[in-house]
Amino acid sequence: MSGTVVPENSPNPIGESPGLWGDPELQHCIQCGTCSGICPFGYLMDFPPSRMIAALRAEMLKRVTSTDTVWMCIACSACTSVCPSKIPLTVNLMTRTKEELLLAGSIPTELQAALENSQRYGNPMGESPRKRINWIQGDGVVIPILGKDTREVDVLWYVGDYPSYHARVQPTGRAFARLQHALGISFGILGNDENSDGDSQRLAGEQGLFEALAERNAKVFARYKFKVIVTTDPHAYNAFKNYYPSLNISYPVQHYTQFLAERIEVLKPLLKRKVNAKVAFHDPCYLGRVNGIYEEPRLLLSAIPGLTLVEMAHNHSTSLCCGGGGGGMWMDGFQWEKAGVRLSEWRLREALSAGAEILAVACPYEKPRFEDATKTVKGAEGLGIKDLSELLADAME
Amino acid sequence: MNQDIFVVIEHRRGQIADITYVALAQAQALAKETGGKVVALLLGNNASGLAKNLAADSAWTIDQAALAEFASEAYGKVLAGVIKEKSPRAVLLGDTTVGAELAGLLSARLGLPLITSCLRVGAGKYMCKICGGKMMVEGDLPAETVLVAMIPGSFKVEQGQSAKGPEVTPLPAPDLSGLRVTFKQYIEPQTGDIDITVQKVLVGIGRGIERQDNLELANELAEALGGAVCASRPVVDQGWLPTSRLVGKSGKTVKPKLYLACGISGAPEHAETITGSEMIIAVNTDPAAPIFGMAKYGTEVNMLDLMPALSEAIRKIKGG
Amino acid sequence: MKIVVPIQLVPDLVEELVVDSSGAALDRESLRWKLSEPDDHAIEQAILLKEKGGGEVVVLAPDLEGVDDVLFAAAAKGADKLIKLTGDFEGGFNEHAVARAFLPWVKEVQPDLVLTGVQTHNGLDGAVGAIMAEYLAVPYVGYISGVSVAGGKATLHKDYPGGLRAEIEVALPAVLGISSAESAPRYVPISKVRQVMKTSRIDTKDAGGLDLGGAASVKRMFPPEVAERATMIQGSAEEVAAKLAAIMKEQGLV
């Protein structure tokens, strides 16, 4: 049951669905309620997963779609990972319900802005696509843009929205660039032609938007020769690996922790600077639970001299979501109003309980979310939040 | 065409709009160049009393029940007649929910050129601000009677006021029967909230607040400063603050001693309503935000970080 | 009830505005066209009226890059007819020109109501609605934030500063300048827009040459010269806060 992987190539066809309740997958539900129990916001939903299935069976779709608490779902896949009937609950139930709500015109304002921005600007922030590469200036690291380059590179580095535009996540990108240079990898980025991977938009109910963004990215990928797509973003990794192929966009893809773990023999000798700290690794939902990648990040952390790895109470497949998935990254106001708590705050308390001095992350949503939480959680002011790439780059001299 | 400058007086419920005084000040400056007179056009119902402090040479008043409350149909009919007959050098209006309506009607009806969003005219030229304040436009003032809808920025309200007052002449109104637009009533804004126009210190918040619960930070800061929180349109549109806190073209105009603009870009609809502030301090992560052109001091520190730090710093000063 | 919504595209302010080599206009290459926000509200208000009382909504737009997507999105929201006007819009246009270009197609529909955004951010010569109303010889009311229709009359809420509104009655047909619709413009999923692209058609009409009369000519366009830019205070949040607090104390504000 741990490490359940989302079925490969399972898109959500629009316009041909016989309706939520007609989905054969959902009919395997035995109403055990484990999904609703493990859901981080299940207690706030009018229809947490098991109740939602019961309501759909009773043909109460209208009742379900007249509530808005499904927007509390952050697509963390905890429900999917524990379902004894192995129903892909996140994708086939929660996301499908969000789709119905979108079609009915029910959508939190914040999310509407993120979706419209994604469509128009290729990023949910609403920043100009022409400014997507502004982050590469300065800092002394050379970050090649593939541009008109037709030679083959080892790595097509898909950067993503947050490492490109968000000030607090940009250091992750620069750190990864330094690591690639140190390992002698030939790489390049897509530059301003890169579009959002769209995975969180997909999980927020916008399959059409996901496909439109994928089409744009596919055109750009097709221009270049490369061995593998590597990304620092588990959501992008998930999209490229599990959903792009059914759209006829198929490339080898790795999360950067896999890529670096493969090269640990060459990397380890470069990590000379000691990091004398207790470090807890937060398993990102879309790296760990959804895609089964748990050991590579830990292998990398263990290679840093002086570093002590500690585990939080929820770890590996039970990792507690930071709250950013499924559109959660863009619905903080809405979710805060309903919940009065933030998952990122719970997680920091766990990190502190585990004795961590640094919380290591490997997903671009996490740094800003956890850093914000250090300002509101008592005792967390001194807790360091670092992306794995930053810890590794800092350990190089 | 004579060289007089006409100014359409915008008033509502016994109050003259500030922009009207700005337009009068502009008219005075322009009339000096053209050698003409400044004529205030005051339409209303028994409104001639409002003429007394206008900085104009003459005030022509047209009083009629149908003109008691503004409607461009009735006002347009009267003004079109007067402008056509008298053929002045220019007609100035405020670029407002009243003036803009009238200006378009008059331009199309009389076939006269219209310049809106105008900062100033003079020396045969006009200067306007467009594209959310990001672009300035300049050109020659057309040779024929020109309609100009003004925005604040170049003249102070006091420059349009005069203790002397103009010579008042009543004019007859044309036939105003068969009107298709009828004023019914005013709908008051939500009450029960504080009046931000009388506050000495205002903490203005814009999109940079990001989400509703960050309002707490603004409230805290306002409290530390002994002031109140107000906002630009995006915040009020979200319902995070009532419309009584809206500062902007369709909200309130404020003149505090201190306006702390946090996460506000400074686009004209907001900017023009805070120009009366004695001091503006701007907090915005975008160094190109127009607000920095209006502010005395500024910082690029994120408002979400600055507000709590500033609250603390002020409490220290007050306490220590 | 027949409603026509003439809309406009304006330069997207998210992109940097660049002045072209003539020094008097925006550089077309770096410019990206976007639906003017008040027009987005006009479309929404029209759809709301149609949902309440039935009727037909016709959307009219100039042929500029991206217009097809805008029109199909309107259809996905419920617009019945889409008309695109070809003409030399790329060569430059103003509000008077647009009003004149739209006029024959608006007249052809014989609408009860014309809803249009009350202003565009780059309109130097007034608002299309006010001008068009004159050409149509019908009344115009602008800065509307609420519309209801009954018995050949429209009851409107017109915005005044300070949150004040006026309730105004207008005999139809009339032109209304919309500030904001009664509810925010709805979201349309991309899948729905794509579906609509298969079933809807955009009628193309030729506007011919544009008559730009009614506006002053532009000699120079330039970014604002900040007369006296703010004294910028550097440092961390704490450092800046301390300096600002000191300044405020000095000014007697604390």
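The chains carry the letters A, B and C, assigned in the order they are written, with residues numbered from 1 in each.
In the analysis below, contacts are C-beta pairs under 8 Å (C-beta built on N, C-alpha and C of every residue); 3 or more make two chains touch, one makes a residue touch a chain.
Fair warning: this is a prediction, and the values are worked out from it, not measured in the lab.
**Student:** Comparing chain centres built from Cα atoms against the global Cα centre, which chain wins on proximity?
**Tutor:** C
**Student:** Which two chains have the most contacts between them?
**Tutor:** B-C
**Student:** Just give me the whole-number Å value for how far the CA centre of chain A lies from that of chain C.
**Tutor:** 37
**Student:** Between chain B and chain C, what is the separation of their C-alpha centroids in Å?
**Tutor:** That pair's centroid distance is 21 Å.
**Student:** So, what's the distance in Å between the C-alpha centres of chain B and chain A?
**Tutor:** 47
**Student:** By residue number and range, which residues of chain A touch two or more other chains?
**Tutor:** 109
**Student:** At least two partner chains per residue is the criterion; list those residues in chain C.
**Tutor:** Residue numbers touching two or more other chains: 184.
**Student:** Name, in rising order, each residue of chain A that touches chain C in their complex.
**Tutor:** Going through chain A, the ones touching chain C are 14-15, 99, 102-103, 105, 107, 109, 112, 115-116, 119-121, 126-128, 130, 205-209, 211-212.
**Student:** Tell me, which parts of chain B touch chain A in their complex?
**Tutor:** Interface residues on the chain B side: 210-213, 238.
**Student:** Where on chain C is chain A touching in the complex?
**Tutor:** Those residues of chain C that touch chain A are 14-16, 34, 184, 186-187, 189-195.
**Student:** Could you pull out which chain B residues touch chain C in their complex?
**Tutor:** My answer: residues 12, 17, 69, 71-73, 96-97, 100-101, 103-105, 107-109, 111-117, 125-126, 128-142, 146, 149, 180-190, 201, 225, 237, 243-244, 246, 249-253, 257-258, 279, 281-282, 290, 292-302, 305-306, 308-310, 312-314, 316-318.
**Student:** Quick check: in the complex, which residue numbers of chain C touch chain B?
**Tutor:** Checking each residue of chain C against chain B gives 11, 13, 17, 19, 26, 95-96, 99, 118-119, 121-127, 129-135, 138-143, 155, 157-171, 174, 177, 179-180, 184, 213-238, 240-242, 244-249, 251, 253-254.
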